[in-house]
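A, B, C, D and E label the chains in the order they appear, each numbered from 1.
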Amino acid sequence: MLRAHGLACDRGDRRLFSGVDLRVQPGEWLQVEGANGAGKTSLLRILAGLSPAAEGRIEWNESAVCDARDEYHARLLYLGHGPAIKDDLSGLENLQASAAIAGHPLEEGTALAALRRIGLRGREELPTRVLSQGQKRRVALARLLCSQARLWILDEPFVALDVAAVDQLCGILDEHLSRGGLLIFTSHQPVRLAGQGGCLRLGQ
Amino acid sequence: MNAFGSVLRRDLLLATRRKSEVLTALFFFMIVVSLFPLGIGPESAILRRIAPGVLWVAALLAAMLSLNRLFAGDYQDGTLEQLALSPTPLALLVGGKILAHWLTSGLPLVVLAPVLGLQFDLPAEALGVMMLSLLLGTPLLSLIGAIGAALTLGVRGGGVLLSLLVLPLYIPTLIFGAGAVEAYTAGLGAGANLSLLGALLALAVFFAPWAATAALRIALE
Amino acid sequence: MTPSSINWFKFAAPARFYPLAGRLWPWFAAIGTLLGLVGLWISFFVAPTDFQQGEGYRIIFIHVPASWMSMFIYCVMAFYALLGVTFNTRLAGMMSSALAPTGALFAFLSLWTGALWGKPMWGTWWVWDARLTSELILFFLYVGYIALTAAIDDPRRADKAGFIVSLVGVVNVPVIYFSVKWWNTLHQGASVSLTKAPSMATTMLLGMLIMALAFWAYTIAMALYRVRAIILERERNATWVAELPEMKS
Amino acid sequence: MNAFGSVLRRDLLLATRRKSEVLTALFFFMIVVSLFPLGIGPESAILRRIAPGVLWVAALLAAMLSLNRLFAGDYQDGTLEQLALSPTPLALLVGGKILAHWLTSGLPLVVLAPVLGLQFDLPAEALGVMMLSLLLGTPLLSLIGAIGAALTLGVRGGGVLLSLLVLPLYIPTLIFGAGAVEAYTAGLGAGANLSLLGALLALAVFFAPWAATAALRIALE
Amino acid sequence: MLRAHGLACDRGDRRLFSGVDLRVQPGEWLQVEGANGAGKTSLLRILAGLSPAAEGRIEWNESAVCDARDEYHARLLYLGHGPAIKDDLSGLENLQASAAIAGHPLEEGTALAALRRIGLRGREELPTRVLSQGQKRRVALARLLCSQARLWILDEPFVALDVAAVDQLCGILDEHLSRGGLLIFTSHQPVRLAGQGGCLRLGQ
């Protein structure tokens, strides 16, 4: 279970938000909403432990995250605005490398299957440089299919995807939730997910 | 340990994918070395005298130029965030990246140096000392450079700022490295200089990945 | 366009050029081998020993033709670049990239044989005089051309980038050629080899010319051979390639 | 002409915004120049002899290092597409960018060179010739470099490939530039070398922006 | 009027599309649709004259674009995947610089008004580096407000915008159309514009 109390974030002279409390339980999702610049990305990075909060604390399974960083990170998958893929490597190589870095090396077969499922059949071996915007995002999202992490934190995962891919991603997220996973994400488009969930509105 | 290996493997793979990169680092080294005689003139007595200094300065610049590709790519596309989120200690992964950097940018210079030394008319044994000093010195360049590369990550004007930070830190390596060859040709023996280099290397292997990691965390915040 | 010029461009289509090159290259390879053997025979057995330099001077039979070829090939590449830029023919880029490795080889050969020769003549492998240096630049330009075109995936873009390198770099060729005049260098001037005793000069000249012709034939054969491979690689999806007998087997 | 001015103004503004960048290019120049006495030893006869060569090589490297920021940023963030779509001829806009590059990376070197020359014990008039040769030579470096920077845009291993392409083309500038100072100190007069530099410059001003533009169009395709 | 006949595009060994004909008249919009990787970006770049088509020709007001490039570009505004803004400059400076490069220098007042209208009040002078993803896109879109171009070619202009900004952008596009402008754009989200228009589906 992920819990946060009284989170606040400062950028420049501005307090972006303060007093943000949240609680996500297994099988639940949380959508962070807000206008452009409300601080969604900032909040997600704080929750992932990438940047420190100005105030407040974050707990994972009842213990503070800052005390058990490595354990927390072993359970976490974060996808930010940057797709974390290398232009010069193929989709396959990218996927295998990022899985190995996350601590779960992948068989080539598994990786290929994931790429095909996400709609990159026939493009597994192309350098991602030549792929289209949406195809690059898909390579990044293929990580979700191979992930064993409990907690997914996704920053605008639906951006640049076509309609079919949006549906497919929803399916993947539902599956994750039904396995008892936790999910925090942002999106400007309306998203329909099965299972329990709530919205957190930042700003105003 | 496993993740260390896979970072190393991925970086080496990237280097082979950019086929030309390793080769071009070498050519840069060659060209810089060849520029000096052009600027200074062809007298072989002077050239022989300045050869160790020139070779070492060129090695230093070649190492420095390839530094900005050490973390910058990973930073921009978000891979660095993923490394920081890996359960393996970040310092170990950074170590893997540094090792890959040395293998692709330092080691080739060590191998090429004797050929260039010949152009400057250096005697054979001096060439041996030159290689040895580079073998000890170039890993040091990668290690120290990694700290600088991490510190200048995402900072405006990073490229040039990087050299500003790193070059002064390179100076001891330069002095001992070029000094070894000069001491040898002067008949003083290269031992003292080389063992100093070795000591610096041992120190850096322990501390540099750690310092670079700290710097990377700052850049990520 | 006049009828005759259309004729000219007929072979500029890769589909037409491919079989032509296939028919021509074995001939040039044969001529090259033959002339090479004759040239080597003249240079090692017919040409007399030089009274000053001993046997070492025989390296001239490789050094000079190789140096000539290295410069000449670059000019040819620049010419193709001009064709490519103005007429936008695909073959021009293919020919350029087919020539570049041979050019680099000859530049390297020139440097290497020059260095080997320099040791007995000047007492050192290398001096930094203008001709040697500009030849070194030529070598770097070849390598730069090859590295740049290899680093760009899209062959058409690679070709165009290569055109610019060859056109910009061609200014170096006259520098090499006139370097002995413009700077007073250690390196021999253009006329030295001809002012010896007449009998010797003619055999030497003959040997050098035959070797030069051999290198020419070799260059043409290699370029044609390589351009065939390049054409096949680039046009592998074209129907005419699929219909080739060597593709069907 | 208006767009030329606004490109120039925007690039200069960017340079002042990255306050450190101009300064650090200068520092790089200084550090490279100062490395040599460290690598070679302090004998002033030798130092004076090699001074023009070292200063020129350092200027060359400093110019080259700053080259990859000439177009790369604009290419990545899509500004280059906008330049290509501007009704003003692209070659003119490219000219503006090159001028801005020289003003921020070449001109400061010219100003700093005499100070560094003093470190090497060069006499005052030789310093004057040095400055003059740099004044003619550094724009040439920016112009030639622009071609290389444009050619390697978006190419794997661009940074090092850039030096491989550009450094050989820099060699004539280096030879005439350093040659001018050496000829002067040898009592031969610097006129011939300087006028050759000037001729090269005139040539490059006409052809380099054009060649760079052609290369940029290829990168954009 | 923009017209294209039989456009085709090759990428790698693949023919992305061929035989694409299109026609856009003053006051009309054209939405290019298609799955990820269908070739929408490639088509838009071809139409803008940034990359050459493998086949086909493009005409602007009855004359071929390749013959009258400069004239065509003087009438054209293209916004691609890259936002073409400099991280180190403020929104204001970015807007002024890009307008000047496009050949229509802007007064500071006009530029400020545009930035405020697009929702960046109070952030006009911040370096765009610190802005959020959506705010950066807004800086790029502010160019639309100051543009005098007849033909707008926009590649996924709605990406990363929040709901309010999407509505506002639609308003801006409608205004352009009602002034007799032409518009070609791509979007994976459904977009409702006033005026005449049509869809072009790439792929399958």
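Just so it is clear, contacts are C-beta pairs under 8 Å (C-beta built on N, C-alpha and C of every residue); 3 or more make two chains touch, one makes a residue touch a chain.
On a predicted model such as this, the values are computed, not experimentally measured, just so you know.
Enquirer: Relative to subunit C, which chain's C-alpha centre is the most remote?
Expert: A
Enquirer: From the C-alpha centres, identify the chain that is farthest from subunit D.
Expert: Farthest from subunit D by mean C-alpha position: A.
Enquirer: Going by the contact definition above, tell me which chain pair has the most C-beta pairs touching.
Expert: B-D
Enquirer: Express in whole angstrom the distance between the two chain centres, defined as the mean CA positions of subunit C and subunit E.
Expert: Taking the mean C-alpha position of each chain, the two centres sit 49 Å apart.
Enquirer: So what's the Cα centroid distance for subunit C and subunit D, whole Å?
Expert: 32
Enquirer: If you average the Cα atoms of subunit D and of subunit E to get two centres, how far apart are those centres in Å?
Expert: Distance between chain centres, rounded to whole Å: 36 Å.
Enquirer: Need the CA-centroid distance for the pair subunit B / subunit D, whole Å please.
Expert: 25
Enquirer: Name the residues of subunit C that each touch 2 or more other chains.
Expert: Residues 133, 140, 143, 147, 151 of subunit C touch two or more partner chains.
Enquirer: Please list all residues of subunit A that touch 2 or more other chains.
Expert: As it turns out, subunit A has residues touching two or more other chains at 81, 88, 127, 130.
Enquirer: Could you list the positions in subunit D whose residues touch two or more of the other chains?
Expert: Subunit D, residues with two or more chain partners: 17-18, 156-157, 161, 164, 167-168, 171, 175, 221.
Enquirer: So in the complex, which bits of subunit B are touching subunit C?
Expert: So the residues of subunit B in touch with subunit C come to 18-20, 23-24, 27, 31, 34, 37-38, 41-42, 44, 47, 118-119, 121.
Enquirer: Could you list, by residue number, the parts of subunit C that touch subunit D in their complex?
Expert: So the residues of subunit C in touch with subunit D come to 130, 133, 137, 140-141, 143-144, 147-148, 151-152, 154, 157, 160-161, 164-165, 167-169, 172, 175.
Enquirer: Flag every residue of subunit A that touches subunit E in the complex, lowest number first.
Expert: Listed in rising order, the residues of subunit A that touch subunit E are 11-12, 34-41, 81, 119, 123, 126, 130-135, 137-138, 156, 159-166, 188-189.
Enquirer: Report the residues of subunit D in contact with subunit B in the complex, numbered from low to high.
Expert: Result: residues 17-21, 24-25, 27-28, 31-32, 35-36, 38-41, 46, 49-50, 52-54, 56-57, 60-61, 65-66, 68-69, 156-157, 159-161, 163-164, 167-168, 171, 174-175, 178, 182 of subunit D touch subunit B.
Enquirer: Considering the complex alone, what residue numbers of subunit E touch subunit D?
Expert: Within the complex, subunit E contacts subunit D at residues 48-52, 70-71, 73-74, 76, 78, 80-89, 93, 97-98, 100-103, 105, 127.
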